[in-house]
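Here's the structure, in structure tokens; my notes come after.
Here the chain labels run A, B, C and D in written order, and each chain numbers its own residues starting at 1.
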Amino acid sequence: MLAARDVHAFYGKSHILHGVSLEVRAGEVVGLLGRNGVGKSTTLKTIMGLVRPARGAIVFDGRDVTGVATHRLARLGLAWVPEDRRIFPSLSVWENLRTGLDRAGVGHAKRADLLEKVFRYFPLLAERRYQAGRTLSGGEQQMLAIARAMMLEPKIILLDEPTEGLMPRMVGQIREIIETLRQDGVAILLVEQSVPLTLAVSARVYIMEKGVVRHEAPAPALRADDAVIRRYLGV
Amino acid sequence: MARRSGYWIGFFLVLGALGAAPLVLPEFWRRFVTEILIWGLLAMSSDILIGYTGVVSFGHSAFFGLGMYGAAFGLLRFRPNLWLALAFGLLAAATVAAFVAYFSTRLRDIYFSICTLVFSQIFYVIIFTWTEVTGGENGLVFRQPPLSVPGWQRAFTPATLHWFVLSIVTLTYLALRQVTRSPFGMVLQAIRENESRTMAIGYDVKRYKIVAVMLSGLCAGLAGILYAVQNRFVAPNFVFFDVSGEVVIFNVLGGMGTLVGPVLGAAVFFLLREGLSRYFTEYYLIPVGMIFMLTVIFLPQGLLGFLRRQLNQ
Amino acid sequence: MIQLLNGLVNGMILALVASGLTLIFGIMDVVNFAHGELYMLGAYVGTTVLAAGGSFWLALGVASVTIFCLGAAIQLVTLRPLLGRDPLATILATFGLSLVLQNYALWQYGPVARKIQEPFTGHFRIFQLEYPWYRIIIAVLSAAIMLALWLFLKRATWGIWIRATAQDRTMAAAMGIPVPLVHTAVFSLGGAMAAASGVLYGPLVGVDQTLGPGSWWSGGWATSAARCWRPSSSACSSRSRRSG
Amino acid sequence: MSADAFPSDRGALVRTEGLTMRFGGLAALNDVSLSVERGGVHAIIGPNGAGKSTFFNCLTGVLKPTAGRIVVNGEDVAGLPPHAISRKSIARSYQVTNLLRGATVLENVRVAAQSRHHPWRLHRHYRAYHQVIDQALAVIDAVGLRGKEEDLASNLSHGEQRTLEIAIALATEPMLLCLDEPTAGMSAAETRQTVELIRRIAGDLTVLIVEHDMDVVMGLARTVTVLHYGELLAAGSPAEIQADPRVLEVYLKT
């Protein structure tokens, strides 16, 4: 459903992606592992149209979407939950959700439906509905970021380090959310530092090193044998 | 080396052409060329800030105007002596420049521009209202001082006035050119390229900016003095914002950061004004404004930059 | 007391113009040097509508809508191509724009000041002094427009889009908000607010092309500020103009 | 978290005492006391948001710390502006490449070198100051950018730009060179070259480095300091840090 084909990307002069290829099938959770600074976040940004690839193509739903404006991609069903969450700080929780909800084709019933769903997933957000985004704790912001992405009814969510800086209890909750989303048929491309979490929730895993995908394997295989993990991620 | 000698050949060719101008041109165009030289000097002075230091002054009318009024004050209250007028004009411009520099260099970007703009308008209001000294709205009229050196003096003719202006503009240009290539000038360009980095390698950026504003203000004042001497009157209009705006136009049209570009810009502006005011009468700024916007969007290097690139290709 | 009232009236108008200006600056990082010109053109459109026999309120509406459309056109033609360039470029471009608009107004409407007839000419007495109702009305109206803007930003879909764009352009785009369109709308909206204040203020100061030159930034602000501090003169002058 | 993060404080070039930086209510740095000994490479590591860059910014005068002292050669420099810090012989490179983009390599380095010689001369051509140029050329030579002197900084490759960053810092003749993620965004080969370069220059002066790449850190550093949520978590030799269970827990989450 989503594929990156030999994507090269630059930040100014710096060549960050040296030909990244990966694929996510409908409803599949795919992990993207690698050390800091190897280009995982840039890969997500390039897919989202925030970094323009110098070469290569992004294909979504059988259509070449390379160079399509970010807001159009969002309307097509691609959602991005960035590493630093990027909650609109002075918008309330409710208004943050509305940024994804107020779009053509969302009727009254559907709105209620979507809201009811996220508030069921994240009861805390219902409580904090009128609180400004910046006053939420890190974990709450992470929930809001995911909830906000769900408002777009995405076919795939690009999830960038959702557990970074969270308490262990929250990490469990994030894991459940990913599981629930998968059951709802939403595909996820997950970038994570936590290898155990990634292996637990993903069907397949890509490992990146210095701007290229070095390794691809089904998650169960890696769970059974962590030699590969040690090689690319060990200290 | 070839480029360097090429530069000097070009320099002397242009200088020669400008020097010969009053001998061959009819009265109207002779005056026109002299005036362009003066406006060019003003534009050049502002280039020190826009082109080299990377901050836009919207307040050059204040320096220009104070140079004028300073010269007029010297001529009317003391003796009709050219050098005295120069001294008074430069003193007045320097005072204002020091004042503006002190405040504006605390600010960056647009805030710097607005600060210079506000100060120039304050000086406009002062000149407009302080009628006893400045003549208020009517300005001041005075006799042209003769060209004098100790023991010799003669009244200006249009040609000698032109040569006088040309020599001062040329000398200022050479001096400024030297300054922009001195260690000091390099620091200014470093500030333009990257202010925080310049600070991090040990330069007190604010002090450099203060000196840049002072230098720029002095040269603008010099242009004001020349204008006053040429036209034998001063008026508050020249302290008004419009003049500052035109100076920015000269820079953008001609090409910032080149010293020569702004002079070219001034020439183009006045030629456009001459040409266009036939069709647009006093509304010539409508097409000029449009040309200006097109330049900003499509020729960020200005005409000179554009010509250079064409020549290089 | 009169001083206080005058200060309030002038302050409201200034706040109205300024809110349009800061809206544009806050969201697009564009310092609009031509804002004063939009204000002036708004006032002129108002006089045209009045001359054609329209009412004051029609003039207010038409001026706002016209400048809204003009603003959109300007943003598309001059500012959008400069996206991603040095902020200096937008300063210079809007400065060029102010030249064009200012001289267009001079050309189209001539140098003679025009007057907008206020819709109310009544006075009321306060502390032995006559005070015109219209001044109160504009203060209230300006406040109402700003309140409407606030409500719009607070409640409306586009309002939320504008705020989201102001806070995080990239994330706004990622949420499907059409950011380039939001920028155009913001510029237009700021222009429309300037135009409305131009019409509202017209009856007090008259309308001529010096209403809005680039110097408006400083000169306009300075004189307006001065008017706020020495308001007796402006109240008197507007009364003497009427009697004269 | 004691003031004596190192057993002996005698060789300390820079010492911070209770360094604290708050942004609103958030403490990006909380009571950090550490000392950097003379000579060799010292690394600061920590997960994202640990306060590494904030520490650098306080040290180099970009930020004014809320509380605490920064002692360089026995003198408190906390809160001095960047140009004054630079004159205390502390130089830095930036995480995001931060050059005079429109100038040549030589110009970038020359302007930096000039800040220690004749910055205020107005009248003579800058090329007349041979000493400055020689010094700049020597630095360019030392970092391996020979032959690129006349290239515009903006035309260099990313790796070369990062090297130029270091050259500019070196040209100000520092005692302490602070490098903020010098290998960020580099290919494996460029990373190796940069590590070599840092090892070479660390002979004469002290290098303080913030880095994500553990291979780089462990291969270069004499001492490692770990920050976590703005607080000093551990300090010691690379071996000690790699064995420290607290560090493994928070930082090497695998």
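As a convention for this text, contacts are C-beta pairs under 8 Å (C-beta built on N, C-alpha and C of every residue); 3 or more make two chains touch, one makes a residue touch a chain.
Please read all numbers here as calculations on a predicted model, not as lab measurements.
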Path length in steps (a step moves to a chain that is touched) from chain B to chain C: 1
Leftover contact groups, counting everything except chain C: one piece
Far-end chain from chain B, centres as C-alpha averages: A
A-D compared against A-C, more contacting pairs: A-C
For chain A paired with chain D, centre-to-centre distance based on mean C-alpha positions, whole Å: 34
Chain C and chain D: spacing of chain centres that average the CA atoms, whole Å: 50
Where chain A and chain B are represented by their mean Cα positions, the distance between them in whole Å: 56
Gap in Å, rounded to a whole number, between the CA centres of chain C and chain A: 44
Contacting chain pairs - touch in the sense defined above: A-C, A-D, B-C, B-D
Touching residues on chain D, where the partner in the complex is chain B: 60, 62, 81-84, 86-87, 91-92, 94, 98-103, 107, 110-112, 114-126, 129, 132, 168-169, 171-172
Chain C to chain A touching residues, read off their complex: 157, 160-161, 163-164, 167-168, 170-180
Residue numbers on chain D that touch chain A, as the complex places them: 47-49, 97, 154, 156-158, 161, 181, 184-185, 187-188, 212-214, 242, 252-254
List of chain B residues in touch with chain D within their complex: 178-179, 181-187, 189-190, 193-194, 196-205
Chain B-facing residues of chain C, complex: 31, 78, 81-82, 85, 87-89, 91-93, 95-100, 102-104, 106-107, 213-215, 217-219, 222
